[in-house]
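In the two assemblies presented below, chain A is common to both, partnered first by chain B and then by chain C.
Coming up: the complex of A and B.
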């Protein structure tokens, strides 16, 4: 990844910090994140619950809910648009028309008493000047892309669709306004494995068809192997490693990434090699001094307890935030 | 009808379900919808031997939790039997039943909901011991609770005894639930999706703890999960059963089931499981199904419930009657017409 500014970046996030304020306490859900996402790439963000991945994704739309606040940093979209400086009307257009997001648990957010077709038309009417026929045509095309029967789906009420069908409808809906970026937060978590695999296949195809940038968030490393080219690993609000999928899986350089891989049971491969990451997930109210992973890390040395390592570029076009990345194999 | 019990001396079984059916009433869509009866669990034969670990794999809504609850007597079967040490659980006299209750325990999925929010850990873990009057002396109860907390890795026990559940993390809560389940030295434990709500990095820890306890207590386990990888890890030395819409589709040793699955549904599931390895992931292809989306469980297709999605569907056969669970290969049982003659 080139560190030079270039017009191929769809997102350039610099030094982003997001804090949640509660009475006297505050937590840093996102802590000085620097990240560049290329135009048209499929990018994954992996992290356990509470690691800050959803907050990071919400900041990309300037949609962090109260009591959260973006306290520093900038998010430049497509080379020139500062997302954090958009006014109300600009933001309204930016969201969904430029960047669409499928939220976690979104499959329960349909209006239960309105037919799917009408819910989708409503969105088009609100944002675009298409007539009804053109609108319907657009909806059919998108529903076909997510492998649903357009006629039947448009006539259905949400409860008549299965979980996988609802999630696919949601994806079609997010694409109504031809966004350039599609963010999906845990899109397959509540689904059975067959529907999950189906959705991942659809996402991979969609990318080829519409050429959009896809940002996929999940706690499950395994699902990324289906669609993603590059992955960022988050821990305690920090990016700890960013690498191509092959590099990350085959040659992890951060001890946390390595630990996650060794802790994920699979149906293939040797199960006897599995081992847990010791200790417990970080308490965001009182993070340890130095590297936030140091109490659980088998590679910890004195420096790790004192200095929080920055995310630095290492050979092979990848980034890692670890004092001891050279020793991680 | 030869079924699972054909292959072992049936005296081996600690717990058996025989032709077990649990029927629920479900209201069809809409507030004025008619109510419909449907079988959440249908004609299930499952036998768990002394000290055996069995994983039960299935998608959400397939009836695996209902089967687990019926197996420890928390849900009354609509028809069929649950036998514990060859005695029907629902025909037992008071003494036998109390003995069964003590010996059959469950660990629930959600450690945030399964612990009493206004009781301290000490009261939660000691409740069973008091109820079954296993120990009378308060000082010895205290020792026993300390021992149990130590056993599940909540050390120092003195620290955790006086905590309320809300003061503990998800992983710690699940450990309290485990301590409670093993407090009575049960012979049979149902573990229902116990790591689903636990952070990925801690899952193996909880599974290892349970495997370790299993060795100490020599208990049998029915380990319910939707995750094939987790099922494989837990029952590496045991058997795995696959369930689909209320029926058992296939049972075999875990190893055999994963290496050589027979039922088309098991094959489809295994082909869809994501693997955390990019090289392997590229080579894998999901099995083509006639339909990707599962049917409404209240209105399954006639005959084999997988028939409307199965790529090997045989018209006139699969849509007539639910296939029996038969031994297709030694120790390998499958409910599918493809293997009827073998």
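Coming up: the complex of A and C.
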């Protein structure tokens, strides 16, 4: 990955900080994040709960909920559009026409008293992209693409669909306006493994058919292997490592990534050989001085307790934020 | 879709016995108001030979102080009564819902202004306000009476809808709608309103009940110009003009309008038990 400006970047995030303001304290959910996402790639963001993945994803749509605020940085979309400077109307068009998002808990993303078909039509109407007939046809095509029975699904109320079906409907809905970027936040959470596999297959197919940029967020490393090419690891609101899928899995350079690998069970592996990461996720109200991972890190030296390492480029076209990346193997 | 939905609604009503009874009562009163005046002419010529005649086959509810058939008066009165209360209920609910939805969803300065307006209106006692307005305007027009009757009640509606919207707008699917670039107005009226429909429906019925009380009261105390056949007018005449209340053999003249007023109330309240079911998508297929 080159660090130069290039027209192929769909997203160029610079120095993005998002803070949630509580009564007296504030939390930095996203802390000076720099990230470039290439056009057409499948990009993954992994991190445990509370690491700031969702907040980062919501900022990509300028949709950070109150009391959150984007306090600094810029998000340039497609080389020329600053997402954070769009006005109300531009923003409405930008959302879903350029970038669509499948939310965490898509299961709750449907209005319980409106039939699925009507909910999908509402989105089409709002953006005036298609007339009603074309709209219905498009909805049918998309529902078929995610392997649902269009007739039945459109007539259903959300409670009549299973979790997996809702998730697939949500994916279909996200594609209604042919977005260039599709953000999926934990698309397989709360689903059984069969449905998970199903969703991942659909995602892989979709990439081939549509060629959109896909940004996949999860805490589950396993699901990335199916779809993702490049991956960023997030910890306490910071990106700690960005690398290609293979590099990250085979040669992690950040102790946290290494810990994740050692803590991920495989189907055939011996569960007793798993090594959990010691300690618990950081208290976002009082992050440790220096590197936020230092209290849990087996490689900690004095510098780690004093200086927060910046995300730097290292050989092999990858980025890591660790003083001791050379020693991590 | 329309036919299907109607059939579904009907079958839901049949399931709920209370609501079924209520809707039958309402249906009977509405039919009476619509068809009755066409079938039975209203003759206002006094017939002193049958003043306070007791109920009989010819006059099922007896006759009044100038010998007119009471049932005929009730039937002709129903039209006026229903027009006024339905108008009042509709105005209350429409204004209340719009104000509540907009204040709740838009928030900020809009909310501040609308909430303050609601608070101010709510400090004015309801019935006295209505009496003063009615006395000042001396209107006969049902729409104006409807407006007077909702002068204060929309504010209750607006306040409670607002609080419902406040809790609704943080829900995941509303967040999702925002992400889809749905405009605020469409979120309010196409996403939030459908969820609040059972609430709005029940409030509509209760607004009608309130308007019925109030309109009868206005005619009863005589602040509105007489419309000869309104049930409230009948009560007013029975109590204050003819003195029927003091005459033992004229009791039926007092009781008849009261029974119909109570019947209409009971019908409305029983029907309100079915509203929740009608709007519940889980009972639909």
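In this section, the second predicted complex is superposed on the first by the 325 of 329 C-alpha atoms of A that agree within 3 Å, B and C clash if a C-alpha of one lies under 4 Å from a C-alpha of the other, contacts with A are read in each partner's own complex, and residues count from 1 in each chain.
To be clear about the criterion, a residue touches a chain if its C-beta (ideal position, glycine included) is under 8 Å from a C-beta of that chain, and two chains touch if they have at least 3 such contacts.
No experiment lies behind these values; they were computed from the predicted model shown.
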- Message: Applying the document's definition of touch, where does A:127 land relative to chain B and chain C: first, second, both, or neither?
- Response: second
- Query: A:159 contacts which: chain B (first), chain C (second), both, neither?
  - Reply: both
- Is A:22 in contact with chain B, with chain C, with both, or with neither (first, second, both, neither)? neither
- Message: Per the contact definition in the header, classify A:268: touching chain B only (first), chain C only (second), both, or neither.
- Response: first
- Most chain A residues touched (candidates chain B, chain C): B
- Message: Looking at A:195 after the superposition, I want to know if it touches chain B, chain C, both of them or none. Which is it: first, second, both, neither?
- Response: first
- Message: Touch test for A:280: chain B only (first), chain C only (second), both, or neither?
- Response: first
- Query: Is there a shared patch on chain A that both chain B and chain C touch, and which residues make it up?
  - Reply: 159
- Query: Which residues, counting only chain C, touch chain A once they are in their complex?
  - Reply: 171-173, 175-183, 186, 190-191, 194-195, 197, 279, 281-282, 284
- Item | Residues on chain B engaged by chain A in the complex (per definition of touch) | 29, 59-60, 169, 171-172, 199-205, 207-208, 226-230, 232-233, 236, 258, 268-282, 286, 289, 292-294, 296
- Which residues, counting only chain A, touch chain B once they are in their complex? 48-49, 147, 159-160, 162, 164-165, 192-198, 200-201, 219-223, 225-226, 245-246, 249-250, 259-261, 263-269, 271, 274-277, 280-281, 296
- Query: What residues on chain A touch chain C, complex-wise?
  - Reply: 61, 63, 65, 91-97, 100-101, 103, 105, 108-114, 122-123, 126-127, 157, 159, 173
